[in-house]
Amino acid sequence: MKILALLGSSRKQGNTEYMVHRILEGVDHTSVHIADYTIQPITDMRHTEEGFSPVDDDYETLLHQFLEHDVIIFATPLYWYGMSGHLKNFVDRWSQYLRDERYNFKEELRKKKAYVVVTGGNTSTITALPLIQQFKYIFDFVGMEYIDYIIARGVKPEEVSHDPLALHKASFWNEEFKKEK
Amino acid sequence: MKILALLGSSRKQGNTEYMVHRILEGVDHTSVHIADYTIQPITDMRHTEEGFSPVDDDYETLLHQFLEHDVIIFATPLYWYGMSGHLKNFVDRWSQYLRDERYNFKEELRKKKAYVVVTGGNTSTITALPLIQQFKYIFDFVGMEYIDYIIARGVKPEEVSHDPLALHKASFWNEEFKKEK
Amino acid sequence: MKILALLGSSRKQGNTEYMVHRILEGVDHTSVHIADYTIQPITDMRHTEEGFSPVDDDYETLLHQFLEHDVIIFATPLYWYGMSGHLKNFVDRWSQYLRDERYNFKEELRKKKAYVVVTGGNTSTITALPLIQQFKYIFDFVGMEYIDYIIARGVKPEEVSHDPLALHKASFWNEEFKKEK
Amino acid sequence: MKILALLGSSRKQGNTEYMVHRILEGVDHTSVHIADYTIQPITDMRHTEEGFSPVDDDYETLLHQFLEHDVIIFATPLYWYGMSGHLKNFVDRWSQYLRDERYNFKEELRKKKAYVVVTGGNTSTITALPLIQQFKYIFDFVGMEYIDYIIARGVKPEEVSHDPLALHKASFWNEEFKKEK
């Protein structure tokens, strides 16, 4: 079972990353910051004759990482009550690769398990719920299994370390991951 | 009353643009495609000493347009059950400009009225609801008035022209805009 | 195609009933007010040896009506951001009749088409969305087809007659029903 | 700080009650099963000249209990993706008592803190979210403070005792309640 933490934050060592550390400490995994890659927003060519054009950016490097793992932890700060634009751009481009014959993207997605980690302000246990529901629709569409989600409260650096319920759930996942390996 | 249609689509002459045409035909307005501008995803510097750094892209050009208008029509295709990455990047960057002393961004936002147009597949009258709720949280946060939304069904080019309820609502808004001018 | 309007209002000639009239004028149908029947809240006996006990109320009279129709219009005022208790009690008791061998309740439900009409205050185009989503889960669970919904704004008697968009959608449904008969 | 557990279950010793026991063991509190009281669904008389009529049921007995407590734990099984009809009837009747001059219902509600416990099937961490959002609207409307919620998974008797995350959150609340007394 290969685990990928896909970080949608724009800054390093923030609360989202803190949560991912707690979830994966002592567990073999790969961690990538989407912001370290140049990812263009999608250009929708589904309805053109020529189809999608190759894009000169780092998408496929990131995609290879994504495809090689069985468990994906989608970890994002709650930006404006949704996933970060970085992560959204990554997901939007799936539409292109679902149609790219070089990949069995559709079949690969169906084998993966998804976890969601969202970090936001104090009200985010409520205001992140549309995002939690959006992920449900995303995973249903591609056939990924939506295991569970954590909504953690923390805005200032390390603030999330004061959210005991989020930390406990992180530890619980951590133990589960350790068992499965 | 100055009206701006802010288009989040990645392709031209798609269903979202079609809807905007119907809403604004015969009405004085400005229409911008975010995809025509280079907009970087946000780099969150809220918690650093130096604060946000200037970004070398087209954001401020777009921002000037945005600030000059009283009514904003946020028009986006439903990409993966959310707004497009293009639009999300635009909104994410608000966090930067809320802290930029050159603009009275906060005060300006509070005076604006928001309309939302989402175009998606057949199920989008249900699956777009998390996005409709997300916009509610966004507009509440900045104090914009959320007038109404249209969820229009159309994926293939011009398909939305066969959604009579969406078109009717577009005409209704159109008449309201004509009255107000 | 036999149509049943299932009214969850507690008062007669209110906004919900007004909407139903507009949707069904000139269309052959049956209309029932749940409040005219005595419906006990469910007593959950799923996990007892003896199973559910017969309840001495009007449920089965209403159930017979429900089963005889192909199209159900669930029409309810938005009470505390949900369906009325009257309608909720009716739906809750489905759990009992799904297990009652005298009825092919499960199979019958699967053949029905569902429309939802909700009437509420000015903000209900947003605040009724959890209810719209709840109905989606309900219909998915039993296999009913969720055709569409109307959220109409009106609290004081007849106030809904000033919501042109809701009335237009009602007329649209009305025309569709007239075509199908 | 006086605590009331308001149980919406229709059966005794079910999962919802189990959760409430875990949340409140060793904590001084009152626990009531709404199903032990006869509660009529509301008859909406807001728009009549005479206003609401007295209803011959147990509502006011329950209401007195409700008003005497500062913290309310709304505990309900997830019936058809919503609160139970029992609890819904209780809440619907608030509309009547908001207009009853014998009570300062509005002012009293504003002083209370609300916790929500929902028990449902395996998918309820997603499918209970509309209910969690509905409670948010309810509490916002009356000015109650929405402290937090637990979604616990358990359908068969005692099944919830195998949901470690829900139990942990129950223990956490339990410790908080013990501190505050």
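Observations on the structure shown:
A, B, C and D are the chain letters, set down in written order, and residue numbers restart from 1 in every chain.
Keep this in mind: a contact is a pair of C-beta atoms (placed from the backbone, for glycine too) under 8 Å apart; a residue touches a chain by one contact, two chains touch by 3 or more.
Remember, it's a predicted structure, so these values are computed and weren't measured experimentally.
Taking shared numbers over all numbers used, the chain C to chain D interface scores over half, which places it in the same class.
Centre-to-centre, using mean CA coordinates, chain A is 35 Å away from chain D. Chain C and chain D have Cα centroids lying 25 Å from one another. Mean C-alpha position of chain B lies 39 Å from that of chain D.
Residue positions 129, 133 of chain C each touch two or more of the other chains.
Touching pairs of chains, sorted by label, consist of A-B, A-D, B-C, C-D. Of all residues in chain B, only 125-126, 129, 132-133, 136, 146, 148-149, 164-165, 168-169, 172 touch chain C in the complex they form. Residues 9-11, 14, 35, 41-45, 47, 77, 79-86, 88-89, 91-92, 94-95, 127, 129-131, 133-134, 137-138, 141, 156-157 of chain D are the ones touching chain C in the complex.
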